[in-house]
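The following blocks contain the structures, represented as structure tokens.
In the two assemblies presented below, subunit A is common to both, partnered first by subunit B and then by subunit C.
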Partner chain A sequence: MKPIMLHGHERSITQIKYNREGDLIYSCAKDSQPNVWYSLNGERLGTFDGHNGAVWCIDVDWNTTKVLTGAADNTCKLWDAQTGQCVSTLETKTAVRSCGFSFSANYIMLTTDKTMGHPCEIFIFDVRDGGQLLSGDPLQKVSIPISDSKITSAIWAGLDENILTGHENGELRQYEMKTGDMLNTSKGHNKQINDIQPSKDGMFFITASKDFTAKLFDMETLEPLKTYKTERPVNSASISPLFDHVVLGGGQEAMSVTTTSTRIGKFDARFFHEIFEEEYGSVKGHFGPINSLSFHPDGKSYSSGGEDGYVRVHYFDQTYLDFRFEY
Partner chain B sequence: MRIASKMAAGTEGKRSRKSESQNEDEDEMEMEEEPDFSDPDDFVDDVTDEELLGDLLKKKPKATDGIDNVIVVDNIPEVGPERLEKLKNVVKKLYSKFGKVVNDFYPMDGDKTKGYMFLEFSSPLHAQEAVKMTNGYKLDKQHTFAVNLFSDFERFKNIPETWEEPEIKPYEDKGNLRGWLLNKDCYDQFSVIYDAGEKTAIFQNSQEPTKVEERARWTETYVRWSPQGTYLATFHQKGIALWGGEKFVQMARFSHPGVQLIDFSPCERYLVTFSPLTDNREDPQAIIIWDVRTGQKKRGFHCESQTTWPIFKWSPDGLYFARMNPDAISVYETPSFGLLDKKSLKITSIKDFSWSPTDNMIAYWVPEESNTPARVTLIEIPSRKELCVRNLFNVADAKMHWQKSGDHLCVKVDRYSKAKKMEEKDQLKYSGIYFNFELFRIREKQIPVDKVETKEQVLAFAWEPVNNKFAFIHGENPRIGVSFYAIQPKGKVEHLKTFDKRVANHLFWSPNGQFIVLAGLRSMNGVLEFIDTQDMTVMAQTEHFMATDVEWDPTGRYVTSAVSWWGHKVDNAFWIWNFQGNLVAKQALERFCQLMWRPRPPSLLTEKQIKEIKRNFKTWAQKFEIEDTMRKMTASKEMIEKRQALMSDFSKLKEEKQKLFEEQKELRLKLRGGVDTDAFDSHMDMEEETIEFLVKVEETIEE
Partner chain C sequence: MPESTMSKGKSWAEQVDEGDDGVLSGVLPPNTEDYDEKKGLKKITEYKYNEEGKIVKTVKTYKTETIKVSQSIAKRKTWKKFGAAERDPPGPNPSNTILSEEIFMQFVNNTDQSKPEEEEDPLGKLKNQKIVQCRICKGDHWTTKCPYKDTLAPLQEKLAEDQRNTVEPVPAAAGASAGAKTVGGKYVPPSMRDGASKGRGESMASQRKDEAATIRVTNLSEDTRESDLQELFRPFGPISRIYLAKDKVTGQSKGFAFINFHRREDASRAIAGVSGFGYDHLILNVEWAKPSGQQ
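After this line comes the complex of A and B, so read on.
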């Protein structure tokens, strides 16, 4: 089926996310205006106005009441999902690289970049405590020494307890939210981890790395289980909630794209069997690398956002839904 | 023993220095008595100098050092002191042209010279040159010089008086060198270099390409197969190694430091190696011809001229080999490795020559000169009989293409309408260039010649290896066409078809003819087109993006296209297609460099047997198809078994996790205020509503 093209961003997409019900798609880009769309028809529902720089990350809580965005203007903003009004602004010293609601949405976490002599840091706020948001005084703060590798992607792990971080050197770490202690670490990849996404039940997660691979890990032990190999940097990967499938997106690095043709760039979304690690299909369309992609919570469609500024919503054909691996 | 005491003194010094920086408490230590290092009175030194400073003694100058510069001149006149000065002048005049004479010495017998003398040059090269040029020099009627290097005396002195018969090497069974041909399924093999040259592997082209052998650093640059596939040659700093047999054991080694290029004779008996490093005036070593089986060096040659490799071209049966010299072709014969009939063929201003691939026949051409036209000549070897001469006018350049079956020769001639002398250089500038193909029918009486002309630039030309067709690419990008012609038996060249607007710069015919691959390699992004020339249909139009190489397997069943790391740094891989252009396998290899199919020796079947097989094609095809489906079934069975194993492993893990997930259910409910979000509750069963708006009400009153 023909994909729905969402063209509301002026610059490259940085992250896209579905809400839990899957009726809305949240997208942010290097322009300062995150968008929200109806996933069914691609109609734009609204924008979140207020940032002054590239928005690196976006998240929505489980009952779609609040939206969180982090940007290069050194702020992280909490929005009312219904009205699109900014509820609260958290100031940081450097750009916010990743952010997210905990399972209960009682806590939010955000990580910052290591720049201008400031270290990379993880902040955790209790959303229920208005004072914390107002003063910007966090519940918990973890500072990663400047000499250490910075965080490039982070998510909540184990419901409300832990933070899972992916680092520039390919390392994975788990921090305990309450104490700020590092619980576990694992050398997941050889190069920067661009994206981490949990499975539907939160028992596994998939990482996308610049080292041309995506890997499936056990959330509890950080033990690598499966590896999906490609010939290009992988920017994002997602696990299907419906089948044993994963989808990978990436391509030639954005900085060298102008000097190569689309064919050499390999900008297609690539589908692998989660367990057999075999590639069985790909979807072309973007004319730049895919920066973020996500399965719909029902597994019957997926969306991808690219360096080309488009978000493409793909509904799977019946043949995909009927397709079974022989084993 | 002096050394020992010195060492003791050294340690003592160190210790005292150390104690200075330490505590005073250690003074007691310092007060201890020194051990006595001096020798007892009855000591006998039993250590030889050799043992003590053997490495220094080795560097000690020897009496023979530097004698390479010295020559001995015998048979000089015996003269008294009154004429000695004159003799010295004569000798000096003669020898100073070869280099600086550092020293001379005339041994005297009383007041007469002894009839020989010594000369020292500044360099051994000069000495060698002097020996070469003046040995046998006639000073006058009585005196003919006998000149030798001084070091030659040493060398010849050491030659044993009695001749020893060389030992016969015991016969070594190297196994079946053609074992790979016995493969039941006729799978072909190919060599692959990857990991930027670090690794070399031999693959078998079975269902999925499978590795037969892999070695790290097997070669230092690249590899070559011998023409019939028996040997694999690897390149090393020190020379060439040949490998063969079932397990690719080393068959032979040829020591030639700095070797860069090699060439086998078509019969695989001889190997020609070239190295730019080791040439020597005395003993030519730039090009060496070896006997492959015995490992013996057959003959060395100098390499003076800069020409394209192979410098020596072999006759198809390996009996003769020839090289082009200015104004001559030198044909050598085996096994004597001497010039054929002791003289070269004189051909003034010859430009190029080549052997027929099947007969002992040489074709060469010479350019136009003043009033004589350009000429293409066919001669027979060893009789040197001219078989055919073709005169051509207005020739700017020519190129010869033999058909692999030896039936036809095409000479592509670049011709001009006008030639202008360039002012500065002694070169001609041609304008109004057009092209024609002179087509020689070798097998027919008196070798008739046909002509095909084209106005467009010819980019590539290729004969069908068997039968009678040829193809060429013409035109200029982007209007490139590919034309096919056939030579009919009664001397008619028929135009078969022209494909217009093609993306192609290379032609690859199947080794069995009929099928051809048009390829747009490198700058043309790897476009591939498979054509059946029987009815001129395009079987497949496809591409292997950025492909740098295309090669047919020796049987004409498969084609490989490859992106080599030498040409392109990303997506290095080789793909295997069948002859119809269906992709069979894709193999990506890290920094893949080169793929080469292992050639097969010519078929042992007679013409009749081949015909017989062709007639029973249908029954054979049936048999093979059954085999193929059987094989596919077992292959897919293997894969399914593998998948099942993976699946059952993972299912176990998933079950465990599912249990954990269920245990956490209460916690999840608590965290989300009692709302169960485990199941996906879709709000997607929306119905489309049709909403009507009243836009405008109009009322018209009709009168």
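After this line comes the complex of A and C, so read on.
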């Protein structure tokens, strides 16, 4: 395969996401300009200008009309997907760490960092109610006590009903969206959870953790089902919608890359069989750890964004599509 | 839409020629666009001046593919570019979108590899046991059937002769110290032993000493294997290590190798003996290896 390198960011990529139909890739980085690209040929459609700090998270709604970004400048912005104009800005007290549209795109959620004496919080807004966005007065607010571990990753779960959060201490929690009550909790990992991605049907989700593992969980019960072990921190993991495969991306922490010996091949995307938990392949390319990766919704390509500031779009060769795991 | 781009610069000679033409006429030829509908290839030829004022011709070939997509995707394809990409022309901007080189997914096969190795092991042990040894190259065959009978045997004889010539005059000329060297079994104080004159701290230098007996062989043919080098250099003395530089992908030799001898004398004899020696179709060049790394 000949990967397409997307060079629209000057700093390391923080998150990438495909839209539902997979024709667009949204990418955000530690610079203040999120980008959107056509996945087919790597053509840049545009940039969303207006943030003043590192953009930590990006999401797009199901019919690609609105885009949501959360940044370290203590704002979360809602954009028009077609024109790239900022529709509304939500001010927060601390940096926005993760954000997302609900399945119906009627609600948005965002989580903030625990810094400067402010607690880590989850906000839920009803996008249909313009007053909420204007006043910044949320539909639901969950405050996590300062003594507790902060949220590092969060997604919507169970058809607009729950929010699933991954914490710095490796814990997983389920919050009910309407009441803000904690429904379920599970000690999923020993260290920080860097990324959570649901499977195509939303029955499972995969977590990527600093404790060198990625795990597959049941969405309803938070029961760990499978563990994929590596020998380095995992920054992102994605479940193939086409095969029983998962892909893991990671590598040494960016801060330790220059101080440890150069071991090439630590920054490749690694493919595991979803059920047998066995690694069967890898793809090289990035010059630093992979920070975010995602399968195309059709499963025939995937993209990865790295610490090197590049997004690489990989269209699988026929050899991958023909590959059958022997057992 | 253009799926892959390929820009080809012309060779410098052609550029110069065209540049001269351009200077003479003083006009840039018009940009042309060729579209071959059957093959779906679009060829865009552009002319522009480079920094030296010469005309550069750039030919870009695009492959056009038609892909059927759902209506919503087709609609999004017509969206106007915005933000920093607002002024980009249609199609990928080469400064943002780069087609990287071909890479392949590497498949790991954990289950199949371990078993065959174990099975091969006893066979491998048998192979190493030598029943017959060649006197010329110490290979696993009779001396008369040695493939290097014609090339190496005369060489070795000459070397042996040289050695006799150099060894003989020593006892005649030298006194006690030389006697101590040649007579075995008798106690020799450390201060009188070989290399005592080199001074203290030899244990520290042992690693360096190891490197000192290393020779570099260059101008090897591509088909050279480690076993060939083994056969070629074993007659000179015991070898501790052979490193043959090979291409990672093709596994072919890169044309040079390092040979570590146990003794420096053997290494120097190997240099004297094999340097300029015709091997395959090439003439070998053998010299001392430069110490690797800085001391």
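What we mean here is this: the second predicted complex is superposed on the first by the 321 of 327 C-alpha atoms of A that agree within 3 Å, B and C clash if a C-alpha of one lies under 4 Å from a C-alpha of the other, contacts with A are read in each partner's own complex, and residues count from 1 in each chain.
What we mean here is this: contacts are C-beta pairs under 8 Å (C-beta built on N, C-alpha and C of every residue); 3 or more make two chains touch, one makes a residue touch a chain.
Quick caveat, the model's predicted, so the values are computed rather than measured.
J.: In the superposition on subunit A, see if there is space for subunit B and subunit C together, and answer fit or clash.
T.: clash
J.: If you tally the residues of subunit A touched by each partner, is the higher count for subunit B or for subunit C?
T.: Larger number of subunit A residues touched: C.
J.: Of the partners subunit B and subunit C, which touch A:M203 in the superposed model: first, second, both, neither?
T.: After superposition on chain A, A:M203 lies in contact with subunit B alone.
J.: Tell me the contact category for A:D23 with respect to subunit B and subunit C: first, second, both or neither.
T.: both
J.: Considering only the touch criterion stated at the top, classify A:N63 as touching first (subunit B), second (subunit C), both, or neither.
T.: both
J.: Does the superposition put A:V283 against subunit B (first), subunit C (second), both, or neither?
T.: second
J.: For subunit A, what residues appear in both contact lists, the one with subunit B and the one with subunit C?
T.: Residues 21, 23, 40, 63, 326, which sit in both footprints.
J.: Under the stated contact criterion, what part of subunit C meets subunit A in this complex?
T.: Residues of subunit C touching subunit A: 1-4, 67, 69-70, 72-73, 76-77, 79-86, 88, 91-93, 95-111.
J.: Of all residues in subunit A, which touch subunit C in the complex?
T.: 1-8, 21, 23-24, 33, 37-38, 40-49, 63-64, 82-85, 271, 278-285, 312, 316-317, 319-320, 323, 326
J.: Could you please specify the touching residues of subunit A with respect to subunit B in the complex?
T.: 20-23, 40, 62-63, 103-104, 106, 159-160, 201-204, 218, 220, 225, 231, 241, 263-264, 275-276, 297-298, 325-327
J.: Spell out the part of subunit B that touches subunit A in their complex, as residue ranges.
T.: 525, 545-546, 570-571, 588, 636, 640, 643-644, 646-647, 650, 653, 657-658, 660-661, 664, 667-668, 671-672, 675, 677, 680-684, 686
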